[in-house]
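Common to both upcoming complexes is chain A, partnered first by chain B, then by chain C.
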Partner chain A sequence: MARTFKIGIFDDEEKFISSVRTLQEQQYPIHEVYTPYPVNEVFHLLKRNTRLPTAAYFFGLAGIIATLAFLYYTSVISWPIVYGGKPFNSFPSFIVVTIVLTILVVTILSLAVFSGRSKLYPGRENTVFDSRATDNKFIIVMDTEILNQPMSGRAADIMKAEGAIEIIDKEIENVNT
Partner chain B sequence: MKEQLQVSTRFKTVCLILAAAGAGTFAAGLFSDRETAWAAYLVTNYYFFSLSMGGVFFYVIQNITQSGWSSAFKRVPEAMMAYMPFAAVFFLLLYFGTSHIYRWSLPEVIAGDELLQNRTAYLNVPFFYLRIFICFALWVIFIRILRILSLREDSLDPADQDGIMALFSKSELYSKIFIFILIITFSLSAFDLIMSIDVHWYSTIFAFKNLIAAFLHGVSVMVLIIFILHKRGYFSFLNQYHLHDFARYIFMLSIMWGYFWFAQFMLIWYGNIPEETVYYYLRWQKGWETLFFLEIGLNWAVPFMLLLPVKTSRNMTVITVVIIFLIIGQYVDLFVQVIPGTTGMLRFGLTEAGLFLGYAGLFALVVATALSKARIIGPNHPYLEESMKHKF
Partner chain C sequence: MYNRKIRGPLIEGNKTFGQITKEVVAPLETRPGLWWYIALAVSSAAAVYGVYAMYITVTRGIGTWGLNNSVAWGWDIINFIWWIGIGHAGTAFSIFLLVLRQRWRTSINRSAEAMTVLAVACAALFPLIHMGRIWLAFYIIPYPNTRGPLWVNFNSPLFWDFTAITAYLLISVSFWYLGMLPDFGTIRDRAGSRIRKAVYGFFSLGWTGSSRQWIRFESLSFVFGGLAAVLVVSVHSIVATDFAAGIVPGWHSTIFPPFFVVGAIFSGFAMVMTLMVIIRKIYKLTDYITDNHMDAIARILIFISLIMAVSYLIELFIAWYSGNEYEMHAIIGNRVTGDYALQFWGMIVCNALIPQLFWFRKIRRNWLALLLISLVINLGMWLERYNIVVTPLSKDFLPSSWVTYTPTVIDIGVFAGTIGLFAIGVLLFMRYIPMMAISELKGVLHIGKKDED
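On to the complex of A and B.
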């Protein structure tokens, strides 16, 4: 199904941010934005929310418990060896391994959850609204199906007034977002 | 917004009374129990010296990294740095208590100890105090240079951008030189002042642990001073992003403190060499064990747990609570490092409390006086605007 999108292209971060702010204030629904680097302010402006840090905390907790349980099992229950006169459960020496393994667990699980939530997988066809979205430009994408005809025109005016270098309408098959 | 701090006479009187009370209890302690008095003197003296040192570290690192966010608060670490000459005098006064604290200074101990005989070339009383004198002289000189540069910046015309930038890069250059000197001299001082109490015990990471402890607690007290000033109407622009950055500083440093503490402990525990483990053996005896674990809890676990979420690290009350725990934590840390090797008695009596209050009074008086001598915000700092509107 082909959908038409209104795409505003900016080459300046400040203009881009103020444009997003104006559109957001006047309640124009923004479909998606693309920036060459993470822009914190836009994240807040679009009221996007993430629970990934909270999830990462629990991954870490799980990682700590799992690692300590594994170390305890191997060195106390399954195969106890007296090693340099140390007790079987030599907790202080487990801590280094625990830190390293916890970092690994958190990294892998966060990556997996993030990829799963944003539907990223090998071989996924990505929708490129404009080739400059992968370059050094800031892009605002608005869905014209949600915007009606006059609103769409006014949105273009707003972006133009805020300093967009170009505004285009583009019909895209198979939107994958 | 108030620009100049006025120190009220009431505050001055209270501080002076506290300081006098401290001196009084110390004198009384000298008559009743010399060893305890001198050991408490070393702990408290080193405590406030380390706070001042923490201010120095913070200031120097902000200069080197050209940090914008903290530039409005630079007068506070500067004021803490002003305490350094007082610490120097008190450490030189330690001369009269040398024989009560450092066993290596007693001729009869040296005579029966071959290891100490081999070390007398380095560890002898005159050279020890010469080292203290040289280290403190270097620090005081550099602190003075940085302070003069900072005050000169105030007197410049705001339009004179070149002059301001020249001063800015000059203080950066001096900070760079200073930090190299600081790392070496502070390491030597930590080895001398604290580690040589347990004269047969060595730990190469010891100096770094103490350096981070000084940095951590110095920054905490600096943040507390900023909060107090904020409550009294200065720094009215203080926002949640400043709070978050302060909290991150404390959080990061407490993790580093825990890292160094654990690195020292774990290697000794795992290596299990009697010469090394004796240090922790002493600190794991009855009664001391509690303090030993309290130390990790206060200095690492509490800041780590409380400042982990974003919400609490932007909350002034939570940060203040963490700082109060850290203030106690530094005392426990030093107590556990110093006392088992000197008196070996687990007691916190009138002498210790009196000395602590006395030093606290003096420290507060010195910091407040230094703050009142200059404008509380350096108006010509090139990054001042960034600091006032700090946001991320």
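On to the complex of A and C.
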């Protein structure tokens, strides 16, 4: 089903941030913003958050436990060999492999989680609301289904007043974001 | 805090966002000059020689190399360490500067990371062909198998090395690719032809630049940064342990891990400089890779060169101070005054003395001087590895097993081949991938501008 979006286009970071702030303060629901580079202030305004570092920490814990368990299994249970009288569980020499494999586990799992959560994987085609967002424009997208008719007009006025260079309505089939 | 008044703008020429996109993507959208095809032909010729040498090695065995019973490690491991060292700096550069929030990295990190990936791939070839029966390489991977429940030796630095390099290659590729997603999105959105749009669209994985993607992207970059910083230090420390764990005089030394890590960063930074001088000269990207960038790399090189010089002196001092005659012979008798004096003094001149020219501002601002000195440093680092690997082995405890070592054409071919493959990789990188992180350049365009206004 086609949905109509109101899109505000800015060419200045400051004006864009100020517009997002005003819209947020007046409780206009913003669907999403698109920028050519990360604008940290907008993350705070839109209360965007990520738990990726926390997840990475737990992946690390899992990696350490799995690696040490594997090394213990191979060296003590499966095929114990005496190296120069050292104990089977010669823990200090396991540390290096544990660090490296833990990093490998965290890398692969974090990448997988990032790919899944951000919906970025080979063959994926996310909706591009305006192709200039990856070049030199900052874009605010609002869903007119959520905004009612008078709100939609007022949102456009706010963006215009804050310095949007263009405001367009775009109808899009099958939105992928 | 970046003080623009003192240090100058990170990007010169009052660029707009649109201009940055256009200028960085330009080499991808235009046909390359004749130089590009000539360079590709020359590197392909070197690569063909290399592939032939590798074919001979694999089919006839490593007896085709110049190794003998005493010098059982030769060019193969020298080149391996050399490439791994070069491969270090890309990530070291990118990651340490990311973690330390040095924003001037943005113009250089993409090429540095490309260099890392290519150099580590070249390095990985050496342990593989060194195995002789390359088709049994999978024996080193620990998994329950039909050869009996026999595991690889997890206590051996050689195995650590294998694990570390595999992990390092994977994380370097991931980090590099992650950084390219926004840029592929940019190229996709401005592409004229449908094929181009489809290809870059596929590689952009559906990047749109939404706030949700950006926050996770930034977060993952820092997670990768923190992890890879540990790897950078550990990978070369492990390579050093391959040597330091042996009882051969000249190898058995606690200074090796830090010495190797610093040496690796030294050679890698020098290679970054070589590439940067070439890229900014050919593509006229001096507004992005400014004199200040080159100056900063040169300053880092002086600092590392001094550390290298001190390390060389400490090696000599400890050889004397230990009172161990074998150590004395290996370090001083064989290197400083013996058969390998040329390599030793070459190393000192290239690594410790010539980089001191960077103390002069004029030299730091002269592209030809930068190019030549960076090449000299890489030659010096190769000689250093030659000294480390060959000199202690050629004259060990038993004078009856003393030999000299010379490489064969096959040894030389394998090395030339990896240089060719590396150069092909760099040329393709220049042609098909944006040489600078477009989105990151845009992010630093206005840094410090407010204070200036």
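FYI, the second predicted complex is superposed on the first by the 169 of 177 C-alpha atoms of A that agree within 3 Å, B and C clash if a C-alpha of one lies under 4 Å from a C-alpha of the other, contacts with A are read in each partner's own complex, and residues count from 1 in each chain.
Criterion: a residue touches a chain if its C-beta (ideal position, glycine included) is under 8 Å from a C-beta of that chain, and two chains touch if they have at least 3 such contacts.
What you are looking at is a predicted structure, and each value in this text was computed from that prediction instead of being measured.
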In the superposed arrangement, does A:G85 touch chain B (first), chain C (second), both or neither?
first
Answer with first, second, both or neither: which of chain B and chain C does A:S152 touch in the superposed model?
neither
A:D135 contacts which: chain B (first), chain C (second), both, neither?
second
Of the two partners chain B and chain C, which one touches more residues belonging to chain A?
C
So, A:G123: does it touch chain B (first), chain C (second), both, or neither?
second
So, does A:S19 touch the first partner chain B, the second partner chain C, both, or neither?
neither
Which holds for A:V96: it touches chain B only (first), chain C only (second), both, or neither?
both
Quick check on the superposed pair: does A:T35 touch chain B, chain C, both, or neither? Answer first, second, both or neither.
second
Indicate the residue numbers of chain A shared between its chain B interface and its chain C interface, in ascending order.
53, 90, 93, 96
Can you list the residues on chain A that touch chain B in the complex?
40, 53, 57, 84-86, 90, 92-93, 95-96
Complex contact set, residues of chain A against chain C:
11, 13, 32-39, 42-43, 46, 48-50, 52-53, 56, 71, 74-75, 78-79, 83, 90, 93-94, 96-97, 99-101, 103-104, 106-108, 110-111, 114-115, 117-129, 131-136, 176-177
What part of chain B is in contact with chain A in the complex they form?
262, 265-266, 269-270, 272, 308, 310, 392
Quick check: in the complex, which residue numbers of chain C touch chain A?
16-18, 21, 142, 149-151, 154-155, 157, 159-160, 163-164, 166-167, 170-171, 174, 178, 181-182, 185-186, 188-190, 201-202, 205-220, 222-224, 227-228, 230-231, 234, 238, 439-440, 442-443, 446
